[in-house]
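In the part that follows, the structures are each spelled out as structure tokens.
In the two complexes that follow, chain A is the common piece, with chain B as its partner first and chain C second.
After this line comes the complex of A and B, so read on.
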């Protein structure tokens, strides 16, 4: 039973990171129709930026997190204006995919050049030994991740539903032409959405680096997992991304614990294929946010 | 009409190109010959991906699954059962054709982004199997001692002699794809790429054609993988890796998507590029990534596609009569 509690705690922690990643990807994929193969690289860049601020410069964790968010936003805006804006005119799904694959190779190898390939550890802002919480056995570091992820998701949700910018974003995705006629700067909204997705990934990267080691290639696995979650949850769906993320985290934690750890990643991909074929709109019904 | 652009000029160019490429690979050192063989193998890969992506508009990110499948099939059959090398290549292609048909049946029900992700997932599953099914594949250590390229029972060891064999097979694949592109199948594939509903409305069985081309290109990729295994004598799960896919994409896009010669030029150039950049391992992949981004952003037709188009436009300016109306990259014809 002790293991069960531990798997549950680990699974939930991982699931929260997956949910954060998936929210960023589901917006970019579901709304902009960009299958962003560089999504994981924003997560990696976020982790390394925060590491640079907190561990190399010795500043506070909050400053590190802020630097990661700002860095991801700047990078995201640059990528959208510099690369994706031109590609939108082709109306071809392949072009942005190829461009983001190139971008992911570029960012990965730049990170190797800047920070070297040796895995790094960033400390958690909280410390303490493991504690029992109901049936779960977990650590303060994991609880910190869960709380921080929940706050980030809540803020993102409020941004999308309660602010004018969020309203413009949702309007643009429903009908870009009509929004443009209503005076919405559609180009700016696309850049904003991409930057928003990048920032969510960066937060995920900062949080995961408080418990796991970071490497310049950590983004590749994260991208693949984000795809799994987005498809599990349904394109463009906020609640789907959260539920899908938690589900994948738990399945992986229990699967690695009780079944084969070697095929851990393969199970996720098999689930992805089955869902794509049987329920292409995701496990959790029609994407709500698109229809709102 | 000048000599440039006539049929005899084209034939002359083709013959000249073949002779130069053959000499370049056989008259140089062992190392250069091996690189030349690798380039020819990538010509097969790029040409087969182009059949899928360039003509049918289907972006598969799982093409490396067939490359790996071919490599391991050939490796296991020829090493364990003593199957002759050429038969190994043929059997690899046949197996990939069947597997491709099955995977196509499943994944081609999806379109656009979902097809891309599904093919990516399939290839990852293949890689994980190659990595973990140690009894069959040797696991992460890979599979070594694969018999070299052989012809009529004679093993060919020297890289200078291996190259012409690989070269001839690559040339055959290019010719087959060029023929396919000009056939009725090729035209219905372009219909699929441009407007699937319209193609279906005029009576083209797009689903069947897509599946045929998916398994055919898979079989060609398996031939490339099989030749790779025999040329190097060693395979590891890396043959299922995403980098193989990215290299191939770079070659197709960089050379000229939807043209016959573009991927060939791309494959030759981009197998040489890493060698040219060997002085700096750190910058090699950075430059690779940058080149891919810049190509998609500024030259989506690739080197050859852009050149052909510029030539066509100049010709159209000089003789404005039958004005070419093609604006789409899939309609770039190179007359091969």
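After this line comes the complex of A and C, so read on.
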């Protein structure tokens, strides 16, 4: 019983990180037709930026988080304007794939140059021993991650549904041509969407680095996991990304705990196979199904 | 107000429209008629910046707007209501109108839209995709008005509507003109278009072959034989 509570706590923590990662990827993949293989690098860059502010410069965690978010937004806008916008005219899904694979290699190696390849540990802003919360047995650090992730997702949701910029994003996702004709600068919306996804990934990176070590290559696994969540939840689906992320986190945690830690990654893929067999478009699939 | 000179544009190597000269004066309702595939939609898409012109010029309010970004052309007051309605199906009626409306001026425009189309006011929270075809066309036109256009380009607003609605939609075009806006109407239904328009152009295989006052064109024998069923 004690284990169950622990696995639940770990799974939930991991799931929140996966959800943060998947939100940006699912929008960029589903609506901009960009299979972003550098998505995990925004997560890595976020972790290192926060580490630099918090642990090297000794400033507060909040400042570190802010630096990660701002850094990811700036980098995201630069990538979209500098690379993706130029490829969009060819309407070829392979080009952004190659470009983002190249970008991920570049960013990983830049990180090695700047921060060296030795794994780093960032501190959590909270500390203390394990606590019991309902059936869960977890740590203050994990609770902090879950709460921070939930707040981030909520803010992202409010941004999408309650602001003018969010409305223009949703309109563009449904019909870019009509959005142009209604006076929306669709190019800017794409840059904004890409930067938005990068910022969510960076928050994930900052949060995960409060409990795990960071390395310049930590983004690679994160990218792969994010794709699993995106397919699981359904391409382009915001709620799908959140539920898919939580599902993957819990399955991995329980699978590793009760069956075998060696196969932790395999359990997630197994669930993905089952979901795809039953619901080929994922849990919340089918964007663009309403087009005429 | 709108002056098009020697406009050439297309999708591949072969231009879909060439040497287009067209004038629309302030307060006019001008129709472009022509059969399917004549290049009517291509012409509007080129004017609104969706496709680039390979030659020629488009001037609006004495400002050169050829190949400007579509949202800038909208900001200048030239707004294009596309063929096939293209409402945002997954957004509510209210949100559809808000996308086009600016942050501050929307109330006044909303009143105008609801006067023109009372049914939209009753369906504000409904998803656009759940509206009937006619209602979606009203929403598409209403959304266009929210962008505060000086000149409205309506592309085949009657397409796919029941005969009764076709007439209604074309009357709407005339009412928009009567409220002081300028209208450029593209329409396959030549008879009804010439009925509401002040002037008209005939587009055939990408070129303008005839133009004049709408009632004169409606009386011309060539036009009657080609477009009005004899």
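By our rule, the second predicted complex is superposed on the first by the 274 of 292 C-alpha atoms of A that agree within 3 Å, B and C clash if a C-alpha of one lies under 4 Å from a C-alpha of the other, contacts with A are read in each partner's own complex, and residues count from 1 in each chain.
FYI, a residue touches a chain if its C-beta (ideal position, glycine included) is under 8 Å from a C-beta of that chain, and two chains touch if they have at least 3 such contacts.
On a predicted model such as this, the values are computed, not experimentally measured, just so you know.
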Look at A:74 in the shared chain and tell me whether it touches chain B only, chain C only, both, or neither; answer first, second, both or neither.
neither
If we overlay the two complexes on their shared chain A, which of chain B and chain C does A:63 touch? Say first, second, both or neither.
neither
So, A:269: does it touch chain B (first), chain C (second), both, or neither?
first
In the superposed arrangement, does A:158 touch chain B (first), chain C (second), both or neither?
neither
Touch check for A:167: first (chain B), second (chain C), both, or neither?
second
Which partner does A:106 reach: the first (chain B), the second (chain C), both, or neither?
first
If you stack the two complexes on chain A, which partner ends up touching A:86: first (chain B), second (chain C), both, or neither?
first
Regarding the shared-chain residue A:114, is it in contact with chain B (first), chain C (second), both, or neither?
neither
Residue contacts with chain A in the superposition, chain B compared against chain C
B
Report the residues of chain C in contact with chain A in the complex, numbered from low to high.
48-50, 69-71, 74-75, 79-82, 84-91, 95, 98-100, 103, 129, 143-144, 146-147
Chain C contact footprint on chain A (complex, rising order)
164, 167-168, 170-171, 174-175, 177-187, 290-292
In the complex, chain A touches chain B at residues 29, 33, 35, 82-83, 86-87, 90, 93-95, 97-99, 101-110, 112-113, 220, 224, 227, 231, 262-263, 265-266, 269-270, 272-273, 276-277, 280
Applying the document's contact rule, which stretches of chain B touch chain A when the two form their complex?
53, 57, 59, 61, 106, 109-110, 112-114, 116-118, 120-122, 124-125, 128-129, 131-132, 242, 246, 249, 253, 282-283, 285-286, 288-297, 300
